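Shared between the two complexes below is subunit A, which pairs with subunit B and subunit C, respectively.
Right after this comes the complex of A and B.
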């Protein structure tokens, strides 16, 4: 079984945004949103020791994906090949997965009113073509492949020290790895740390307070009626006319 | 005299104060009352009840299978997988849930709009309004269930007893909540925050109804004393013994209406009937120690 992952080589990336544009045009992503992004950070440091860092990001297709757990209907699910996808038929646009995602990789499509995100271009991959962002990258800064195969390029790059964007607080097993030899990755991690998955107030209220209460009420009324019915069965019935 | 064809049965003697409540009946009186029927629900009410029940059945069975997130999950996983299998895909199940929901909301809206005067207003004003007897009913019923209070000492009840009224109010509010929150989720009306709150309220409303539904079904379909209520939801009618014992205030109300009708008929013949509670006999009206039947003939 294959398990897909991506390595982003920060040494090779020139922040040209071609991957972002390729993705946007391929999936008609409306402008304020991204399936796939390049966030340019302000230059850092004092001349001549200056860094200009860009954060190349997309859905991390996490092993322990908080969005999959948050989705009430199971519209967001993890395929066997590790790709986290959205079943648009099932999505009700509640946005719980957006609150849960540590990487801000999801948005509600304002036209379809359903959630959308990177799916590793799984339709292309299944036909043996690389994802649009990988195919378009002029510097080959994006490497896509199967990490279950130890001979694949991604596996080798990960063995060479590519690391995922995780923190001591949040580690949900992301599958996007960053290769970096100029100490740029810590800058990205400081600017875009994975955020703790959030559950909105109504869902918290339901889970913590209301659901146990209703279980009690339903269980109580069911058991009460069961007791009454058993008594009725044991006693036998008397005709009300007499 | 008109209405010569109207004949009345033998009847029970009302030797008690009608306003106070039911009394113990003799076997013969019970037998007579049990053979007579009174109309409780119109065709509109019966139809709405079953459309509502079938819709709820379908919606509960698909709705519980749609909730697969662990913090929302209600049904076991095998049930969710089974329903997925029945519908093919979960997306198809969601569309079915929405389609039944749209049908249900439309039916209720039609009932509310076209039946406002004939059904809804009457139902709310006449059947759901709470009075003192209803408030006294709850502690009395608790004592009654504990075997400490005789059935005849219970506060007399109207068309519906206080328990039924309380559940009806919960169902009414839940229904309105579901009619609003359902379309919000199905058609993505409003922001994600609105959809998230709708989701929670949708569950709260459903569970509120669900918590009472066991009592509702058990009482109507299985509990021997209330069972006539189940058949009344098919035929629209209940026997008078049930009405006398369980919905006494409603029974006297109907009897008063009948009495008023008789009184008017007899007035044409120059006979004045006393008020119902002054009569000793409910069908064969006794006037000045003389008993008249429906035709105004002296017995």
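Right after this comes the complex of A and C.
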């Protein structure tokens, strides 16, 4: 079985933002939202030890993904190959997963009213094609692959010291790793530490999930929704099996 | 188990697997995608060539039922090798940009009133031709001036030469690489071309002098640069700003702006003194080495330290790195070199440095140009007439080595302003933002008042469009054919084809068609024996052995190249005596220094900073600011200022200031970015952002253009290239000019207080000023 991961080679990245735009193009991500990002930090330090650092980020496809736990409908789930995906038909746009995500990797599409995020371009990957951000990366700073394969490039880079963005407070098993030989990664970790997951409370479940559903029921289609919901739920489950 | 694949993803994947103009049909099977369609969609994948900048990467466009949905790199293209930058990816958004020029228009109100009426192409072209003929009749054909840029700009340049006017100019020379090309031609007999012939991937040392490599995303160069870094190349980045290149460098040399020639002369001195040059190459392939040796004798690293503020030991250490790595030392010739108005001599110094290191035709050095194995048929058209009057810009006479193909934009503006040596009464501006590229934009604006007629051809409106009498909207590069693009100075040779990937979205026309239709109306039908430019390309290729069908399908056809010299092989340089001219008799005869001399620059003066500018990786010059996908990444520039200096003026990051230059010209409010990665005596403002557009565009709300503040410029007497880094600015907050209360030395040497200024007690502590420590200038550990 594969387990997909990505390594960002900070030594090679020149912060050109091509990955961001390629992703926007491939998934029609509406401005100003994004599925992946490059956050440029101000050059800092004391001469001559100055660092110009950019934080290249995307969904970390965490092993212990808080978003999966937070999702009340099962729309967000983790595939067996490690990729965390959102089933748009099950998503009710409640946004609980957004609050749970430590990396700010999710947004609600304002038109579709569904949550969206990086899915490692799994449709492409299943066709043997690299994710769009990797394919366009001019600096070859993004390396995608299978960490269950010890001979894969990602496995080797992780063995060579690529590290995930975790802290003493938050470690939910992220699968994005950062390779860095110039002490740039600590700058990213200091500026963008993983956020403690903000998990759903009964109060939030009521305001964001149950109350909207209640109004739907008033609208007269609750039963229909429930039937469709259940069917799709099962379909959704079976789809992830390889 | 059935594999799920969405329709949209399918179409984007298919061509990555195999490139080409594949057509496929697919229906949506994925329930994770919103639109489930009943009818299959027609999906086409068409290769073409990007024009979000001038680098011309190979692309593949995915078109779904006639709508452009995605662009990616063409893996067959030897320059960009399947990759494209942010701007290239954002070509999709350019096509559907709401602010595009959508149909021809003729002005109805006063010039600059912003009132036009929509007209047919026939009416617009008839009217334009009528006006150009009226100017010709009254003042002579030479009174018609042209500013052209971009791949389709060639059609306009041709039109004006057929017409018999010598007065066309492009900013690519005087505001960009002209002085570099002249400096290299004087030295080597040929220039570095575009794309520059640089073997960055195999270099052991990469020397960048003011190069924005990494922020000017020239895709092939970035691929090679980052491969070079991964291969262990050590970078020497000479820049007053901690650029992206500097962030990858072993040595960042925060040089005093304007003193680069002194640094290069000291490097040459050190390399000659230490016998670190390539003796065989110097002996066999150069002339003037003894004159050079004598000339640089006094230009020691200690001499240069006082001028450049780079410590002598750093100059020695970096010289040694180059000597040890030669010939795999990539001394980058630069690209935008229009800095101080003595730029030919600096380019000469760089060319001489690269010559004595013997990097010509060597791995890790400069590629050779190859012999292209095919030749194209020439169209059977009359020769262009020889203009009856000399060009007004002085190219070829007042500026003896200026290009008479590209001309001098600023001199054409000056001549229009003064109406001397003879009247210039019409302008065509073709694909160029003349307010954002040519310095002293107030002169450019005033010159328009002297015109009887002013026509703009462009894809999207820019500030100068506002004053146009006629607007002729051009197709985007994704909707048109352009000339064949042939490159011979690369590790592979190639010819690539720009072709329409979609049907035009608006009532626009390709540049070739606009030129042809105007030509016909100007009595130049003999020059346009075709109706469709595709037929021209087919005819050009007919006997070349290159298949048009294959070129159309693959987007590019490659040929082997010979980028390197064989061991022991000597090169016949294209100079008079086939040798590299370390000493230039040509310059001596023209009355210029035969070997470069450092010319001192002025200091900004108290409270002022030298204004330097540069590119951002997500924008191209002034042409992408309105692209929503790029604007969301960087929507406005930040003014970079040294952190210690900024704090001493009481500033905070992201605070807004007004920038005022030595002539009292002001910007609107600009946010500041304080960083130790900026020299104390200069500020940096990214190029390509808003001007004074009045209601034309939604996105330009503020006047934050660097070119607005470049009201003063110098002109290189050899090339006619402009010096744009000669403006000094101060910062204004609450209507009060700010003045630093500390002095800083970038190389960590000293930071002394200015006498007579009230100081805070704990200033040293607050500003973390470094102790006196000379060796600290070397950036270790990278």
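Convention: the second predicted complex is superposed on the first by the 199 of 242 C-alpha atoms of A that agree within 3 Å, B and C clash if a C-alpha of one lies under 4 Å from a C-alpha of the other, contacts with A are read in each partner's own complex, and residues count from 1 in each chain.
Here is the rule we go by: contacts are C-beta pairs under 8 Å (C-beta built on N, C-alpha and C of every residue); 3 or more make two chains touch, one makes a residue touch a chain.
All values reported here derive from a predicted model rather than from experimental measurement.
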Partner chain(s) touched by A:98 [first = subunit B, second = subunit C, both, neither]: first
Partner with the higher number of touched subunit A residues, subunit C or subunit B: C
Contacts of A:32 with subunit B and subunit C, given as first, second, both or neither: second
Partner chain in contact with A:1 - subunit B first, subunit C second, else both or neither: neither
Which superposed partner A:16 touches (first subunit B, second subunit C, both, neither): second
Contacts of A:202 with subunit B and subunit C, given as first, second, both or neither: first
First (subunit B), second (subunit C), both or neither touched by A:69: first
Contacts of A:87 with subunit B and subunit C, given as first, second, both or neither: both
Touching partner for A:48 - first (subunit B), second (subunit C), both, neither: second
Partner chain(s) touched by A:210 [first = subunit B, second = subunit C, both, neither]: first
Intersection of the subunit A residues that touch subunit B with those that touch subunit C: 87, 89, 232, 241-242
For the subunit A and subunit C complex, residues of the former touching the latter: 11-12, 14-18, 20-22, 24-26, 31-32, 42-52, 85-89, 112, 121, 123-124, 126-130, 132, 135-141, 182, 232, 235, 239, 241-242
Residues on subunit A engaged by subunit B in the complex (per definition of touch): 69-74, 87, 89-90, 92-96, 98, 108, 113-114, 199-200, 202-203, 205-207, 210-211, 214, 217-218, 220-222, 224-225, 228-229, 232, 237-238, 240-242
Of all residues in subunit B, those that touch subunit A in their complex: 27, 30-31, 34, 66-72, 89-92, 94-95, 185-186, 188, 192-193, 195-197, 199-201, 203-204, 207-208, 210-212, 214-215, 218, 222-225, 241-242
Subunit A partner contacts - residues on subunit C that touch it in the complex: 1, 3-6, 9-10, 12-13, 16-17, 30-34, 69-73, 80, 82-90, 92, 214, 217, 219, 222-223, 226-227, 229-230, 242, 244, 246-248, 252, 254, 617-618, 628-630, 632-633, 653, 673-677, 746-748, 768, 770, 776-782
